[in-house]
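One structure, pasted below without further comment.
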Amino acid sequence: MIIVLKPHPAPEVVEHVLERIAALGLTPHLSQGVSRTIIGVIGDEAKLQVQPLQAIPGVEQVVPILKPFKLASREFHPEDSVFTVKGVQVGGGRLAVIAGPCAIESESLLFEVAERVRRAGANLLRGGAFKPRTSPYSFQGLGQDGLKILRAAGDHFGMAVVTEVMDPRQVEVVDRYADILQVGARNMQNFDLLKECGRTRMPVLLKRGLSATVRDLLMSAEYILSEGNRQVILCERGIRTFEDSTRNTLDLSVVPNIQGQSHLPIVVDPSHATGRPDLIPAMARAAIAAGADGIHVEVHSCPEKALSDGPQALVPDQFDRLMDEIRPLAELLGRSIDVCAGEPAACAPC
Amino acid sequence: MIIVLKPHPAPEVVEHVLERIAALGLTPHLSQGVSRTIIGVIGDEAKLQVQPLQAIPGVEQVVPILKPFKLASREFHPEDSVFTVKGVQVGGGRLAVIAGPCAIESESLLFEVAERVRRAGANLLRGGAFKPRTSPYSFQGLGQDGLKILRAAGDHFGMAVVTEVMDPRQVEVVDRYADILQVGARNMQNFDLLKECGRTRMPVLLKRGLSATVRDLLMSAEYILSEGNRQVILCERGIRTFEDSTRNTLDLSVVPNIQGQSHLPIVVDPSHATGRPDLIPAMARAAIAAGADGIHVEVHSCPEKALSDGPQALVPDQFDRLMDEIRPLAELLGRSIDVCAGEPAACAPC
Amino acid sequence: MIIVLKPHPAPEVVEHVLERIAALGLTPHLSQGVSRTIIGVIGDEAKLQVQPLQAIPGVEQVVPILKPFKLASREFHPEDSVFTVKGVQVGGGRLAVIAGPCAIESESLLFEVAERVRRAGANLLRGGAFKPRTSPYSFQGLGQDGLKILRAAGDHFGMAVVTEVMDPRQVEVVDRYADILQVGARNMQNFDLLKECGRTRMPVLLKRGLSATVRDLLMSAEYILSEGNRQVILCERGIRTFEDSTRNTLDLSVVPNIQGQSHLPIVVDPSHATGRPDLIPAMARAAIAAGADGIHVEVHSCPEKALSDGPQALVPDQFDRLMDEIRPLAELLGRSIDVCAGEPAACAPC
Amino acid sequence: MIIVLKPHPAPEVVEHVLERIAALGLTPHLSQGVSRTIIGVIGDEAKLQVQPLQAIPGVEQVVPILKPFKLASREFHPEDSVFTVKGVQVGGGRLAVIAGPCAIESESLLFEVAERVRRAGANLLRGGAFKPRTSPYSFQGLGQDGLKILRAAGDHFGMAVVTEVMDPRQVEVVDRYADILQVGARNMQNFDLLKECGRTRMPVLLKRGLSATVRDLLMSAEYILSEGNRQVILCERGIRTFEDSTRNTLDLSVVPNIQGQSHLPIVVDPSHATGRPDLIPAMARAAIAAGADGIHVEVHSCPEKALSDGPQALVPDQFDRLMDEIRPLAELLGRSIDVCAGEPAACAPC
């Protein structure tokens, strides 16, 4: 950590800052020049990061050197994190293909979509039972009934299932039915929810918030990790910018950016990022070319009647074509797509 | 609602859209031109807003005409909403002056700050017992012990107290100790929390999210209102932009913008918006000149030792000066500042 | 400047950085810790700021300490800059009230608006002859004919006149007719234009770009100042953010922010910032309460027929009411509004 | 165009709007409902787009239906635009690989880099002679001397050359030396420069501004096209957002987004977008997978000594590896990379 003092500091100010640092058991390095005085502190920066030294009169700027996250960092865990969920590997050169409708609307819809996406090559099934909707008058999800349908579809098609949890009180029930817990973008800094998810032993799909920096996202992952749950999958789903011809702005540079500083796998959701089916296939291809560990795509058999986010869903035929494009691209880049481990029998309806 | 079709629509597409509208019991108005066909629907737009008509192939654009919020709108409630909290009026020409430390750190600190801000003219006392911190390693608040201290300080100085609730499970306990519940920026779209707050009969201070539009903020207010709680105070506290010399960017235009379309009172928090004590007084003055119904300012006796957000707190002397600037400005603009209703006896330590 | 090396740097890397610094005639201060090595350089940072030390393999981060602008800084010029333009003082406790139509459309319109704004108390007249329009098919301004009309109106009403220059080739002709040159937001980093304006001896009204940080704005001012022209007036006119209910987002915190680090006067343009006449008065009041050195407001007698930016113009009656609000506010805050110095005779039509 | 009136409009308001529309020779379609009145106008929307109908009291919202650009639109020109520059095809399934140093610093540097990038497979050589720098104290480019060096390098290696023009007065001289004119991000709305470039018959590489929407970018292209120059190449180079771990945020969704509505080729510049050599290769791959018509990459033999933007340049060995990754990817996606048409003799130094 580096502390930069305002020009021409009084000796008491310098003295005061040095004392505060020494009181924490750290050693300050003082450099005094004609125009500026800076004080470097090398050591256990964590002790200092929680000290509001910037509030000391006479201090101009405090520059942290070490990253504020630990368990999420590559320094702490140099190899890529790799998990296996019902036989499907996430990370380590395999592509997670997470697909399904935005919301679980009915058993028939979910089974219809699940059958199609599994046949096309998706290896994880998604569907929302608890839906965070901007309007209180919009469909809020089927709740526990939806979870039961999702579990049944997962079992029927031999697919692990992913579903969102919005409220710490739901974690217990979602945990009972799902294989992966999703924390949505709007809840990325719902810290009590993160802690509660951290206390389970389920993989957590953590979506980047609309205005979250890469650092914020990794700090939210740190909340989950610090509770003892080491299975966090990050998800880029677009950030909010001034551009209004897409729902959000997909920031694909986070893929190599995060892979450079964290061991956690990262997948990309082009559905929420663009909100436009005409752009989803190109962005899914780009995500894979950028090195993403998977994609997350919404599929609905009849988007114009969907109860949630219909306009951004692919229809199953479009998803088939997308998978046909993805496969050779993945192969070229040395990545493979696990086939979900379900028994053929379970797959009869396909 | 206006539905714009893609150029040269097939007759079946036009027919299909007309049928979908009629099936909802609404009357479509068809206008066909050389280059474009548009279909207007005037009536109960709410029925249509939840229909993903945009997903119909052949539809280019769906333009809503009516606002998606109702209970929060001036059309629904033309007069300003005004509430009274322990004798302090919020809205209706009175200024709420909410002040106190970011976090409740100890009884002595809170009493010291409370005494100073009450003496300076603040009429609502704030302090956090449950703290949403970016890092899991930062101070997370004293929890229920903090609430007890806050209640004691409020009672001692005769001030109503405001404190944040982060988790739906905390609402019951916070409700027991506080006079106003605060929903923080990071939880503005924590819909389960909003619903839970809506089920209480306590005023709710709802802070704008870092990437929330004015419409998003009003939709979140609608969540609370639609549960039956009509006492919502909105709070502008800065949005996230590219400008990095301030913590956030204070968007003061929301004050008249919201007052034009909603009856809810709106206060401004220049502390979180700027993160810089040198800018807070000017922004507090500007907020009042813009017509805000109050300000929200963090005050700490020793910012350099604060356990949370120290660098952005004013010290009590700075807050005194701020109040000296605010008073004549409020008077000029025809607004007054209620003195909190506490008994003189309770105020002995002042 | 502080150079932070990547963890565990090889001795050659440290050596190499030290040599690069020494070769510039500067003295490095080396601090080596267990986890990190940092090198501080105190002295003439300007020499270093143009060196891409960040590109050295093994360097993680380069942190500049000194600000990159000089002539624009308060360290260089501690007192506020104050200029007088035809008897109207800008800066130093006086408020510049710049008003007029967006574009000069005709002599009759400009005279009509000029008469009304001068009578209401504006002391500088604005009007565009060269218009930067998003579309090539929109009205592009009257050019030199417009300048002649503007000059005539200024002379007739005894007001100094402000007009935009978009192209370095126009500076000479605009210089001939105007009293203040305006550089618009879209040209804030049109560096050749800035240099050309810097070579005149006319005050320059420099508008903040839509995505310019405070530092960028001051660097653009530095371009003008470094050519020898010391009369720069900064103008905040809103930045581009995700919020779409206003044209831009007015960032009023730049007023005290810039006043803290620069001596240049700063005015606020609520017309472009909000694009909404219903919000302009509140934002003009807020600007003055924030300490701005003036306001810039568009006024048109018939906005619905304006050839440029009609929807954001005030009509003269609204401007009258705004001035009635502004005056007591200015007085309360210890500021005065110069009356423009024109001869009464010239003002006969008023 | 659709005009939405405020609730309960007076009959005169409706009448007034209908008259304004009829006066333009257009036919209004009136739809009156209980809560809202809307007026649709189908026909030559261009006439209406320049009318500030939104300024009419009683009008709530004006919704344009047609796009404001014409020559840049696919409706106007359904096939992809394809140009050939010295034997290298841009658009139509070929990838433009534009590479070179940020600035032309010296003959030896440029020849060294040109040789390396040509050998690696770049087919267009870039280098800046006029440099738009944030600071007036930074290297501003070699000017005409730089152009001569660039021309010589292009001729020597048989490569067409691209260079930036910042000022309308430079167009004539740049035109003399270059094969493609570049308009930089900061000048995307320098309309006089766009017009001047539109009057040449040279291809123009138009970079997206830091806060330009897709629509803004296409409107700027329209400025060039409307002057008669049909050879515009668009370039995505990142937009400014709150994310601060990259220089800008690369918005790759513009590639399919623009290809859907415009016939103009679009290339991607991952160098400026990320500012980080560790992210450039992944983003170049992603750009190609997204369907971009080319990439634009900065290469420097010694980034730590570069006079401009060193920290974001690849070294030649990194560029070699990037090209090795790009080639099979392009092939898989059905795209090819033209080899530049220079005579082998000219290439002797390779």
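Note that the chains are named A, B, C and D in the order they appear, and that numbering of residues resets to 1 at the start of each chain.
Going forward, a residue touches a chain if its C-beta (ideal position, glycine included) is under 8 Å from a C-beta of that chain, and two chains touch if they have at least 3 such contacts.
Predicted model, so just to flag it, every value in this text is computed and none were measured.
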item	value
Chain of greatest Cα-centre distance to chain C	A
Interface residue overlap between copies chain B and chain C, same or different (over half shared)	same
Chain centre separation (chain B, chain C; CA means) in Å	32
Separation of chain A from chain C, taking each centre as the mean of its C-alpha atoms, in whole Å	40
Distance from chain B to chain A - Cα centre to Cα centre, in angstrom	27
Residues of chain B touching at least two other chains	211, 239-242, 244
Chain-level touch network, classified as line, ring, star, complete or other	complete
Interface residues, chain C side, partner chain A - complex	2, 4, 7, 29, 31-38, 40, 42-43, 61, 63, 65-66, 75, 240-242, 244
Residues on chain A engaged by chain B in the complex (per definition of touch)	20, 46, 49-50, 52-56, 68-69, 132-139, 166-170, 186-187, 189-193, 195, 209-211, 216, 219, 222-223, 226, 239-240, 303-307, 309-311, 313
Residues of chain A that touch chain D when the two form their complex	211, 213-215, 239, 241-246, 249-253, 255-257, 260, 273-274, 276, 278-279, 282-283, 285-291, 328-329, 332
